[in-house]
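A single structure is presented below for examination.
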Amino acid sequence: MEGLNIPLNHILLVSSLLFSIGMLGLMIRRNIIFILMSLEVMLNSAALAFVAAGAHWGQPDGQVIFMLILTVAAAEVAVGLGLVLQVQRRFKTLDMDSANRMRG
Amino acid sequence: MVMINLILILLVGGVLAMLSERAGENMPRRVALTVVLLDIIYLLSHLSGMADLTQLQAPMPDDPSTWLMHFKAQWIPAFGISIEFALDGVSLLMVMLTLVLGAIAISSSWTDVMAKRGFFEANLLWTLAGVLGVFMALDLFLFFLFWEVMLIPMYFMIAIWGHENRGYAAMKFFIFTQASGLLMLVATLGLVAVNHSATGQWSFSYFDLLNTPMAEQTAHWLMLGFFIAFVVKLPAFPFHTWLPDAHTQAPTAGSVILAGILLKTGAYGLIRFAVPLFPEAALDFSFTAMALGAAGVVYGAVLAFSQTDFKRLVAYSSVSHMGFVLLGVYAWNELALQGAVMQMVAHGFSTAALFMIAGSLQERLHTRDMREMGGLWQQMPRMGAVAMFFVVASLGLPGLGNFVAEFLVLLGLFQVNPWMTAVAALGLITGAIYSLILMQRSFQGEPNAKLEGHSLTDFGRREMLTMAVMMVALIGLGLYPQPVLDMAQPVLQSLLEMTSVEIAP
Amino acid sequence: MLEITLFYIAATIALVATVLAMTRANAIHALIYLIVSLLAVAVIFFLIGAPFAAALEIVIYAGAIMVLFVFVIMMLNLGEEGDARERGLLHPKIWAGPALLSLMLFSELLYMISTVDGPVSSGVVTAKEVGLALFGPYVLAVEIASMLLLAGLVGSYHLGRRYLEREE
Amino acid sequence: MADMIWLVPLIPLLSAIILMLGSAILPRLLIGLLGVGSVGLAALLTMLLGLEFLANPEPFQLSLWTWMQVGNFSPSIAFYFDGLTLVMMSVITGVGFLIHLFSTEFMEEDTSYARYFAYLNMFVAAMLVLVMADNLLLLYLGWEGVGVCSYLLVGFWYQDSANGQAARKAFVVTRIGDTAMALGLLLLFTELGTLDIQAMVGAANIEWQVGGTLPLIACLLLLGGAVGKSAQLPLHTWLPDAMAGPTPVSALIHAATMVTAGVYLIARTHGLFLLAPTAMMIVALVGLATLLMAAFTALMQTDIKRILAYSTISQIGYMFLALGVGAWTAGIFHLMTHAFFKALLFLGSGAIIHYLHHEHNIFKMGGLRTRMPVTFWSFMIGSAALAALPMTSGFFSKDQILLQAYQFSDIGPLLWFGGLLGALLTAIYSFRLVFVVFFGKANTEPEGDTGWRMAVPLITLCTLAMIGGYFIIPVADVFPVASGDHPAHWVEYVSISVPLLGVLLAYLIFQSRQLNVDRWVSSSVGQALRRFWLSGWGIDWLYDRAFVRPYYRISGLLKNEPIDAIYGLVVAINQTFNHWLVESQTGRMRWYVASMVLGLIVLLTLALQIPALQPTEGAS
């Protein structure tokens, strides 16, 4: 692995782009499944930034944080998808705007 | 321990009263009355072992052992917070007033409260416990704790058993006192911090915080925090607007406690904390405070006159009377302070009685609106005579307690500021105007056509007994107030000496 | 040079796949693109010397989590009319504002990383090192993560069970 | 005997308490016995005290207990007894006893018999405390006490709200004066360090200069109290309205005793007034103005009790005039004689009202001379004394006042002339009353004449009104001696003849009708004057506009608590913000997300302003 010199800021650039795209998806989609997917993208982009930073200093910490993000993502998806099932059953739709009861 | 027991008896008694509802509908009030009487007996039994109360030695503000009772135990040593109670003449007077009026309040709730009686009496007792704590706590943190404790059951009493507009009134009461209480908390913490930076010790104890050296500006702000908390409770113009609503909407027992006791915690706080902790700042501030007092005297009286609601009228008369207390405290000489203390005691009785009369009328007529009354004397001569007695007491007839109080306040005030005295003396005239119109609109005049055919029951034996207690108390205070004056004298004397030493250099 | 070339290819794939995933109307299609994107990120991980992370990315992210999505989508049995409605949402009127916000955020991030310089390190951080770190200084985090997973398990079981019971 | 002096006020007080507590159960006879008997007993005690005092005229003081002691302020419940006290006590208990007796018949049919006597006894007790007090604070207790009793008795028939109105007016107007007096007390204590009257006057004579500012202010404040209680200008308006009470009450409180309390106060503190000549002058002028104003007003009234009320105001004006010119003894002497003949007149009018179906208008009476002979003679004697016809009691006292007024420095003759004009008017209006009510043709038929319980007091008072002028009141040691020299004889002759002239005029106008004044009266000026005087010089109207209505208006404006609006504003601001936040809760997920992102951007932008977080060149 000699001469390995991928510039750090390029990786971070990719990470930022992924994050922005995920956020855009979060904002424009109404389907709850897509919203969850967008969240995954954003989490993933964050993980990428951590791993890159870890690699930059040659430390394992970045990957440790990656694993923590992974657990968060897993737990979140598990609960989120459970909620999706409930929403579908109750409102017969996955559209968050139709299913809203949060209006103050 | 005696002081803690006094509070504990009431707290536990509250729980008992609540539970006793299962044993029968009428049990809670009996239990409550028993508990309060027990408390009185307990207190008296401990006092009887002490030196003559009229020959008290002066409690040195910086030496707890010279006080009548003192108790201190660690609570949160890391911050210098302790469970510290102490009793001197003034607090003892207030404690006795609290217990006696507490018993009277329970008696007034005898037929007034019909729903959830157990919880009602429990709240009443808990309020009394909180008030006792306020009058005895000398750790500022503990004081604040009790200050809040007495608030919450009172809030429930208004919010649950109050009259038609109770929600609004209870909320207003709560927000006013809560917000001002927070100011006091901030000021307390500030004071403790200042003390810490000066001595390197954390302490909330009154005895340690006295004589805290501080910059003039700091003292002013901290004093203001305490001042506002206390005058809101007092209440002084222009912080009084919660009072008419709260008094009007509260059930009779609630009004009695509110007017008779809770207001006095504000006055007590001023005498005990606001002035002695910041003597110079209080001196600088005294003109403003007295102006507020005089304004309150006149303003309350003018507003009382135009009220049509019996209880509201009495409530505004409280504003007026409490103005005298504020004047007395900030005139800060022996005469005026004695007057303020007297006013606290005498007003406790006279206003409590008027609220009880209002409650009895409401019970019988289902209204407090004086336009629906008139000529009630004909059907209820006993109630009319009693009402007349307390009305002339509240307008300051010599020979009754209120006169002694008002005259002493004015006498003390005259030595400080004659012009302010002249303004405050207007309260004597306006007081007569609203007091007599109260009598006219309710008991005198043509019998109201709407009441024809109603047969109204006059005061019964229980009510007359309760009233008689208060009448005797007022006459006693009016013709021989010396025991009360003697009890308060050493305390006031040492406070005056301490602050004058402070101010002199 | 190879690594760098590979990195740019992987990065391009990741970005394009993500954009496609975000804009599909059909959930299954979107999910496939998302998996592609995750795999591309895994490649990047590998390239920057984090093979353990790359493996986990493939096994857990692209494998387990995405499969969960697939299961749920299949269970819901979304029809064609859902797709049609989703398409209607992709109108510029709807995404213009969010896009602007995203752009702002991106430019901000760009400004922050603008001065970052230098390559990622030359060495490989092995699984062993990661393991030592995990059960060394990060042991508390591991415990918390396990608690979180347990909570997720219980929560999803609770939510899903009621769904299944009602279905019967 | 002297040690028992505290029994004198205590007996009526106890009786009042018993009557109040037992009002429902006591039989009528017992009520009457208690009510009358207690005052009778007090009168008897007073008489014994008086006899002892006359044998050994030594003032004494009796201290019961220290009322309150705060610092150096330590007033006692203490009584002081000297000649002046004796005179006042005798009038109160003596006349009081007769009026109580009269009341038993007058109030016979009233349902609140016990309440009436309870109030009346309480009044006597309070009035006794007032005159017996050793210090000004105790005097103030009695002072306010009689005020409250007056309030209760004026509003005795409470079912009629006009009575309540009158009672409140009486109390509040006098309270204005009382407040001035209270301020005077504060000033006196602050400056002199005591409220004990004797000690205080002593201290004042040491510490204050004659004509100084402090004694002037103090005296004016005390005068304020006296003016209120004694219904002098400008606080006299309550007394005519106070006639709403039962007539014996008017006789006792509003003629014989309470309204003269102001005179007593000034006489009692004359040591202070001597230090303030300006204040004395003001007292004299107040007296003069009041006596003239009231006399003119009395001339026009048609209500028998209002005539007497204004005549009371006028006569007290004479007393003030006397006090103002330093004729202390004459003032107190007139107080006593006035108590006799005015009580007589009031009781007489009470008898008329009682037996004439509660008729008050004199023009609906007439011809009562033969039908009610006892009353007629009472009125004749009473009016003669009031008009100060020679040989009656009123003559001796009023004559002294006028003569001493004449001798007063500078404005003496002016005061004398004013007093003389008043005397003329007094004679006219008092005999107008007699001629209209007792002569001419009968308009209303009475139910009968007085029974013995009315007759005895009337006859006794008749006797006193006739011979009272020969009494010598034992106040020589109390007051400084008046100058011995007499004015010229013509002054005396004029003073004697003027009342006779007044009686003659009254006879010519109202009885024989030889002097026709209709033309004057019906002229426009006459009409205006008539209305002006009838309304009491418009003073009531003026006060109504200047004080009463503004007070109502201010109170009404403030009724709904303007201060609350400030707190309302805080609430409104909170609610506005709350409204906005509520509006922002659309419930739409994307909206929330977008706002979160916006917040994130803002925060990030802000964070980048912090130097430490700014990207630095070459960081790696």
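We call the chains A, B, C and D, going by the order they appear; numbering starts again at 1 in every chain.
Here is the rule we use: contacts are C-beta pairs under 8 Å (C-beta built on N, C-alpha and C of every residue); 3 or more make two chains touch, one makes a residue touch a chain.
Bear in mind the structure is a predicted one, so any value in this text is a computation, not a measurement.
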_Far-end chain from chain B, centres as C-alpha averages_ = C
_Centroid distance [mean C-alpha coordinates] between chain C and chain B, Å_ = 67
*Determine the centre-to-centre distance between chain C and chain D, using the mean Cα coordinates as centres, and give it in whole Å.*
98
*In whole angstrom, how far does the Cα centroid of chain A sit from the Cα centroid of chain D?*
93
*asked:* With centres defined as the mean C-alpha position, give me the chain B-chain D separation in Å.
replied: 36
*Would you please write down the residue numbers of chain A that are in contact with two or more other chains?*
23, 27-28, 30
*Spell out, as numbers or ranges, the residues of chain D touching 2 or more other chains.*
590, 594, 597
_Using the touch definition from the top, which residues of chain B touch two or more other chains?_
none
*For this entry, which pairs of chains touch?*
A-C, A-D, B-D, C-D
*What does chain A use to touch chain D in their complex?*
23, 26-28, 30, 35, 96-97, 100-104
*Sort out for me which residues of chain B touch chain D in the complex.*
237-238, 240-241, 244, 299, 302-303, 305-307, 334-335, 338, 374-375, 377-378, 381, 385, 388, 392, 397-399, 403-404, 407-408, 410-411, 414-415, 418, 421-422, 425-426, 428-429, 432-433, 436-437, 440, 443-447, 479-482, 485, 489
*Within the complex, which stretch of chain A touches chain C?*
1-14, 16-25, 27-31, 33-34, 36-38, 40-41, 44, 47-48, 51-52, 54-64, 66-68, 70-79, 81-86, 88-89, 94-95
*Contact residues on chain C for chain D in the complex?*
97-98, 101-102, 104-105, 108, 111-118
*Provide the residue numbers of chain D that touch chain A in the complex, in ascending order.*
581-582, 585-590, 593-594, 597
